[in-house]
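Notes follow the structure.
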Amino acid sequence: MPDQHSNSDPERENPHHSSHRGNFKQRLWEIIFEAETPAGRVFDIALLWFIGASVIVVMLESIPEFSKKYHDFLIFAEWTFTIAFTLEYLLRIWLVRRPWKYIFSFYGVVDLLSCVPGYVYLISGANSHFAVIRTLRLLRMFRVLKMVGHVRGADVILRGLAASRAKITVFFTAVLIFAILAGTVMYVVESGKEGSQFTSIPISIYYAIVSITTVGYGDVVACSALGKLITALMVLTGYAIIAVPTGIVAGDMVREAMYKDETTDACPGCGVHGHLRDAIYCRKCGEHLDA
Amino acid sequence: MPDQHSNSDPERENPHHSSHRGNFKQRLWEIIFEAETPAGRVFDIALLWFIGASVIVVMLESIPEFSKKYHDFLIFAEWTFTIAFTLEYLLRIWLVRRPWKYIFSFYGVVDLLSCVPGYVYLISGANSHFAVIRTLRLLRMFRVLKMVGHVRGADVILRGLAASRAKITVFFTAVLIFAILAGTVMYVVESGKEGSQFTSIPISIYYAIVSITTVGYGDVVACSALGKLITALMVLTGYAIIAVPTGIVAGDMVREAMYKDETTDACPGCGVHGHLRDAIYCRKCGEHLDA
Amino acid sequence: MPDQHSNSDPERENPHHSSHRGNFKQRLWEIIFEAETPAGRVFDIALLWFIGASVIVVMLESIPEFSKKYHDFLIFAEWTFTIAFTLEYLLRIWLVRRPWKYIFSFYGVVDLLSCVPGYVYLISGANSHFAVIRTLRLLRMFRVLKMVGHVRGADVILRGLAASRAKITVFFTAVLIFAILAGTVMYVVESGKEGSQFTSIPISIYYAIVSITTVGYGDVVACSALGKLITALMVLTGYAIIAVPTGIVAGDMVREAMYKDETTDACPGCGVHGHLRDAIYCRKCGEHLDA
Amino acid sequence: MPDQHSNSDPERENPHHSSHRGNFKQRLWEIIFEAETPAGRVFDIALLWFIGASVIVVMLESIPEFSKKYHDFLIFAEWTFTIAFTLEYLLRIWLVRRPWKYIFSFYGVVDLLSCVPGYVYLISGANSHFAVIRTLRLLRMFRVLKMVGHVRGADVILRGLAASRAKITVFFTAVLIFAILAGTVMYVVESGKEGSQFTSIPISIYYAIVSITTVGYGDVVACSALGKLITALMVLTGYAIIAVPTGIVAGDMVREAMYKDETTDACPGCGVHGHLRDAIYCRKCGEHLDA
């Protein structure tokens, strides 16, 4: 997950802006980038509501009946959000010390894509249904990612997921290889039958993945007795495989809890740290830790 | 989960009711609010059976064939339960020291809603099918919540859920944001096709949530090859996300278990720690631990 | 799960059978009840194969095409198994010291039900399709439970399930109460619509349980937008509830592992046990443990 | 999972090949079997891409439209992969010290099956649709197993699964026995009804397994009220059973984590244990641990 606007640099260097025009810029900077001042907090919360509201408007607009009935309201909301996000985007570029870095950052691109398709849509006539424009406009849904930073504890889950990235990759590959083999076997068994839904290996692999993860839509289903038997075995084996990531996460959580038993203090003699809470002497040089 | 009738205050202050009329009130109070006396236990168990029976009657009444066939019995049961719960409600108001606090408490409202719609229904003619009355009557199903307090160990789960409320909120938000993005992508990929079930973004998000949580009804299903590919990736990614809450709960349970049996105190003689809760002498040097 | 034939008593008292006829009985007893002697092991394995084969025959017989085609073979197999299990049943009654206790034990009833319906079926003509007889004959499937005792490690899972019985009850009740409330809400929201599948509260509760446990058959499905929204919330909330039993089991497994850190030796001074592995002095009386 | 080509022997004995012709063989051996030299690494990565590409080609070929449209390209790809894998197979036989051991090893058979069906298919005319040939050709999908060895961390999962093999067997048997009983009960309840999908016990057991593992395709579904009630109970009970393997894996992971960082040795001075693996001095009394 990319970091928030990579504004750590401007933050530290900001006090150096001290021209008379810089005072106004400084004030704006505090409002937009900082969350400690009252004005900054108000701006943050207002932005969150704007993002939430704009995402809901895009959702509602996709419902045909709603789109027809409240056409004028949606055009109005569209203009409001587009102008607001454009203003925010331009202000961020103006205020940030290294604009290009922001523009090409993940959130910079998300911010840009939040405004541009709105203008294209509004100018080209709101009724035009060019697939490309519609698709680009939906990219505004990615603004929802900006809300992640504001959820307390989200960093714990993100860090947790990042820490077990390697394990998740292994798990992905394991499930994929198992699904490829199981899907092929299902294709061999089921494909010949009349009215069979296993028309190709990729669809059989889709069936295998949907079965192993216990989703089971039921859009593709085994018809023959042998196919049902293999499905039953596959589902049970898949369950054993899929119990592993849950176990890994649980194990990591406990291990993390156990390391809270170690102090962060270093030994005054040799500088080694990671001592257990009840340690009196350094485990490396034998020196008294309180000395 | 709200606490049981918030009757902790009356319970402590009760001995002060000692007028001659108060003796009868006192007796009733013991029956209705206390579970230690034989009469109180009988009342509690009778109430549980009444709640269970009334909930089952409401359920059966909703089955059209049953409702027609046993119409008279259901009217009779309706009267019995309504009168019984009204009596209980009035007694509770009379006995509790601070009636208004009870009336506006969660269970007070549930108790009131257990009686009133019954009268409206019975008086307005049991055949009237005004949607509002039917809906209000079904609120009596909330009486089932009163049974929670009588399940041994329920408080453990409730406390566990309350303790990890923050984590559950984060998890909810994470799944929602992931579902919004995945749903939007599915909408872009699938919506154009003929006969597609992805008619709007909200339905696509519903599909994403149903897929990520591995429910997979199959009422909305990807038709295109690309949609199936994205679904497979989404389901696998979702599984990794969803392993987290299980891991968190497991980790919390283990952490709790680890710190429950051993004290954190060290032996005054040799400094060894990790003594069992009931230890009197140090297991290493034999010294008295309280010295 | 009931214990294996409650044959602990006869086993201990067996050496006392020492008449000359008792020698033959003793020999048979060893074959049927003991697994240490070669003959006993052969009998055990043969019985397992017989049970497995008889269960498979019952399964195959239920397939209409198979039943017609291999009618004669099935009648033959039926006679073989019925006679074999009758013989085993009679021998067990004859050999066991307290026959009535065996007859009314769980496995005694299972053994009886393994033979009787076979005779009724075979004598009344194998083509008679009286529902009662068919149902009774299927009770023979319960013989499969006899295989549990022969799976190594099965006792660990059974003991684990027994230990967390209280927690599982709580979990059951919690899910049920949640499902009753969620089902009622779904019924209120969905039942009015034309073509709705939520025709009664019990079906709505069935829908809620199938959704909360992430099974999601898709036979009952929300049609309205509000119903889909409530379903999404219910599924997510249900997932949080359902993460709890997994966490509890994991926690119990770890706790069990931790108690392996305690010795089973008692203190020579005061008889207290449950000392940690590294304990030198008793934690209760301070006496040296090796004394 | 079988080990990679069982080439540990040749690797150790290889330096002894030192004839002038052996120099070339030695060079080839390094390229094909070793991953440390640059040429070896290039070969490994090229092989991985070849396997991946050939698996994708087999998948695409199974899609009827694709197969017709890109017929010539697929024939060309088929020839390329078949020749490449034949070359690799022959080289491996020539280079390995004990060719027969390789030929009859798991990967040897997979390698052989990767080439032979290709020739049969290409020579007999690519349009022939003999079921046997098609099935044999799909065996090439097993080449995907060769990718397992190249996934970092895969060995952890494989070892984890191997370690809990006994537990997984127990779990399999437990679910099977429960599914057999639940399926039989469902068959008794549902089979009589008109239009019922429970046409035989095996299909009912399939329904039970699909329900217990929370897959729930919805192709077989309970129609009667009693069937729905039993399904709800079965799903809940099944969930309790199925929480066990996840708990076991989690418990094993934690246990492993707990015993990894601390030694079981006690300090020779004061007897304290639970020292970190890198400890040289006791954390309690400062004495040297090796004394």
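For clarity, chains are labelled A, B, C and D in written order, and residue numbers in each chain start from 1.
Throughout what follows, a residue touches a chain if its C-beta (ideal position, glycine included) is under 8 Å from a C-beta of that chain, and two chains touch if they have at least 3 such contacts.
Just so you know, these numbers come straight off a predicted model, no measurement behind them.
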Shared touch partners for chain B + chain C come out as A, D
For the pairs A-C and A-D, output the one whose chains share more C-beta pairs in contact.
A-D
Please tell me whether the contact surfaces of chain A and chain B are same or different in residue numbering, using the over-half criterion.
different
At what distance in angstrom does the C-alpha mean of chain C lie from that of chain A?
44
Measuring centre to centre with CA averages, how many angstrom lie between chain A and chain B?
31
Centroid of chain A to centroid of chain D, CA atoms only: how many Å?
30
Where chain B touches two or more other chains at once, by residue number
171, 202, 205, 214-218, 246-248, 250-252, 254, 258, 271, 274, 284
Complex contacts: residues of chain D adjacent to chain A:
55, 58-60, 62-64, 131, 134-135, 138, 141-142, 144-145, 147-148, 151-154, 156-157, 160-161, 168, 171-172, 175, 202-203, 205-206, 209-210, 213-219, 242, 245-246, 248-254, 256-258, 261, 274-276, 278-288
List the residues on chain C that touch chain B in their complex, please.
166-167, 169-171, 173-174, 177, 180-181, 184, 187-188, 191-192, 199-202, 205, 211, 214-218, 221, 225, 228-229, 231-232, 235-236, 239-241, 243-244, 246-248, 250-252, 254-255, 258, 274-276, 278-288
Complex contact set, residues of chain A against chain C:
214, 216-218, 246-247, 250, 254
